[in-house]
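Working notes, structure below.
To keep things simple, chains are lettered A, B, C and D as they appear, and every chain counts its residues starting from 1.
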């Protein structure tokens, strides 16, 4: 049993970046098509990744590498938590630590652009973290446990009761995928107003690590979304993929917004959705 | 924002506007400033082009019968083409291929050679006639 | 050709630097990114940051002020890197060659790998130039 | 044996304090303080190993002594009020003296409460926190005060006076947590207020005295409420059991009658724990030398307020009062976290963070399930360690750069890598997994299910917490590219407390499983179930071990894997990744940097060399004190009024 689970986790850990990279390739291709372009090949992210691995090591400070490793490892750890069906709240905290690592990586250089990016990334954490924590609380309210395995044990999908939070999580997904209108701290498109935001000072292999972490992150986020329909799981995965496609549309029809706008929107709409949702669960289930 | 939606949907389902360049090459337009070529058989090494060139891409040496053209200095302004009295410079509409180094094109005017040869012959003829 | 070499050819990221160009060539570089030419087909992305770039596309003649900046940027690009001078002015100084503050072509400051002639260069020529640069990059 | 240990915990600091006051030699004083610290630490550990007991001192009329000292302290406040012409201090001193006189002379309530001291598991936890962390702070203060006076150029040393109050504080706190008699508890309560007044006003600047006076009058309102609660309890219940803490929490009084005095006592706890709207005295206390702040914030003073609210938890369980306390605490957690974002002074950030975390603890007490009580106790311990460490770090930094401003700490990693490392760990331990504070927060969120509004405040506040800590740590880390950074040398008096607390964070964090099993579960049970000691006797203490607590705290929070992740993520890269000099590049400055990696200059307009200037963001416009304070205070006062109103209505 243990070995089987271990192998499964290992499989996910190896498979996640491959699928994540492909998803990013599809993202670039579809985005190109939406813009009337031909677009790069699907495996373009892997070309980028291996090219970056082969580049020279250059550094600005030693600490920034520590933090990028932290970002990667904490991202992988959160994915492991998801795969092992462990505690959802802890997963959110680990995800928060990953974000903090990225911010500190930006702060640990004396670069104005990285600083700007880091400050904005911090505001992004401020925008998405409450929604994820509210989701955790709502799951607790619904199932009486933060455990993801408990979600799998329920017959009734979470989406039926948690649909307001589902909308809020889509909002989080836009922020975490760094899609317009929230490609604020850094983004996947080449040239942007703050150079490359929080990743400005990363280059070569360390930038490749950042990409790797992003691939894990996309799988993690889609995994969280698929938790909304776990019985059967394939419906949840389809919902997650649909959400992914929706993000591509949102990305291409919106323009970048300001940080303040993002936080205000998140703290008003996102939180109100969350509060309504939790209030609804309390109304239907009652405080124990 | 949603008003962009019809546009991107249209783009998504009606194909792409991209011209697949290396495979699919469009012929250059009429009068496109591609690059200039020197017709050695028309050139008289008069030096007018070198005088008029704004970026000193052409130097001429009539004594040595040598016209040096620096392609990387040429701004394809067509001044030399218009200035050449003997239509020895032509504008090609296709762009000049990229280069790994900075070459110098050396031209020897065949017309000048002919002229000189014929002048020499004439000289010889005159001298023979003198003799 | 190893995996990394192959990836290098497939994923050239560009840093576009304008010395003191008339902006003709810059417009053409941006034209390459438009749907009509779409250089992202070749994995080319226009980066704003030398630390992420592989290829420097440099337009315009070097003047006394930009020479310093150009050198700084070049040093910040991690190896392997290639430099493409785009347009006549970047290659030799072109029509600006004897301006009071112009030093001349880019190769006065940093080594140049590929020269793309033209005034201004056509997008196709830029693509050709980058492809030539990639052939050089593959051998590095 | 128990009475000697008890006496050591309470009276040794007093004796040592007077000794320190008498000794004028710097080194002799150091020896005394260090010896006291070691004895206190050893004593607290022995006490903890010995387990709970009760004790009633005999052979001397201690009650009379305490009454006399009570009046002495209150008359001193009157004196302070008159000399400073601070009418608030005067008024609130009078509001304490008059009811106390009524209680003593008209009600003639010379009650002998037996046992006078009850040392249960919660008290043991508290005394360990107080003795160990407080002692370390005293050791830190030795060198700190020397540097402090040296830097300020003070001729006549007042260090011995400072150390006197500092050491006395520990004794008062120990007495406070042990006391079972409410009148005695009130006495210790007043002693801590007095100590804090003396310590805050130590520098004798106008600002220091003003802030100290504010601390006194705010705490005096709490003291007044305390006396009123005592009088009310005595009048309605009568007899000695009315004033025994154990009988109150054990359900010895009718809970319907108890609500008003309990609300008053909770109000007292709120003032001491500097909950909104009383936060200003704790912020004002920041003018004091840093060891004072460290002591006030981590192990003593504010923890007394939290202790009182937590101790009373079983009495108000299941009432509306409980819900209001939870919401008020959660609101403080939220508002103080938001205010901390806008602060640029290191110590003020720490102060707001303390207020916020105390709010969290009080909210946990208000949520009032076994789980949340466990969370509160865990948070008290972890907060004391982490905050003690951070304040000591702030002091160390202050004595290295002579500034408290976060902006001046920019790039501290280059100047003082060791201090930065310790501070960094301290900061991370405040808000990130796997450290203890997060463990507490995790349990608190789980428990917060009972009070949804509190849960929403928790969510917002814990996110804001991330923002201000990360911002601060980021300022410390910002450095220029460089290879060699030799560690700076720290004086032993600085480094011993710092390293001890740093190791403490990891030891307690990693060992939380066994510590919880052997120690904290019992403390939780002591709190939740009221007076077990009296009901069940000392030796056959039957602990209720709710199985769900054991499962959820120890089974699900994977402590070891999380530490493993931390090591893999940060520690290994920190040790293994090296950077060679030739790999260093200057940062991206649009190519306008002046050259090498060792300079932070760039060429601005007209080729003028200019240094980079990077400042932090403080969001003054949206989260500044001026903007938030009126709202936050209004809501907090409203919550307080509702809280006391609950008590009044319940009659």
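As a working rule, a contact is a pair of C-beta atoms (placed from the backbone, for glycine too) under 8 Å apart; a residue touches a chain by one contact, two chains touch by 3 or more.
Given the structure is predicted, the values throughout are model-derived calculations rather than measurements.
The most central chain, judged by C-alpha centres against the centre of all protein C-alpha atoms, is A. Chain centres here are Cα averages; for chain A and chain D they lie 36 Å apart. The centroid of the Cα atoms in chain B and the matching centroid in chain D are 84 Å apart.
We define each chain's centre as the mean of its Cα atoms; on that basis chain C and chain D are separated by 60 Å.
Chain contacts: chain D has residues 585-586, 588 touching two or more partner chains. Residue positions of chain A touching 2 or more other chains, listed in rising order: 32, 35-39, 56-58, 195, 200-201.
Counting only residues that touch two or more partner chains, chain C has 35, 38, 41, 49, 51, 76. Listed by chain label, the pairs that touch are A-B, A-C, A-D, B-C, C-D. Within the complex formed with chain D, the chain A residues making contact are 56-63, 65-67, 69-70, 72-74, 77, 86-87, 89-90, 93-94, 96-97, 100-101, 103-104, 106-115, 118-119, 122-123, 125-126, 129-130, 133-134, 136-137, 140-141, 146-147, 195, 200-201, 260, 267, 271, 274-275, 278-279, 282, 287-288. Chain B meets chain A in the complex at residues 1-2, 4-5, 8, 11-12, 16-18, 20.
Those residues of chain C that touch chain A in the shared complex are 3-8, 10-11, 13-14, 35, 38, 40-43, 45-49, 51-52, 54, 76, 78-80.
Residues of chain D that touch chain A in their complex: 411, 413, 432-433, 438, 442, 445-446, 448-450, 452, 455-456, 458-460, 462-464, 466-467, 470-471, 473-475, 477-482, 556-558, 562, 565, 568-570, 572-574, 577-579, 583-589, 600, 612, 614, 616-617, 622. Chain contact summary for the complex, chain B toward chain C: residues 16-22, 25, 33, 35, 54-56, 70-77, 95-102.
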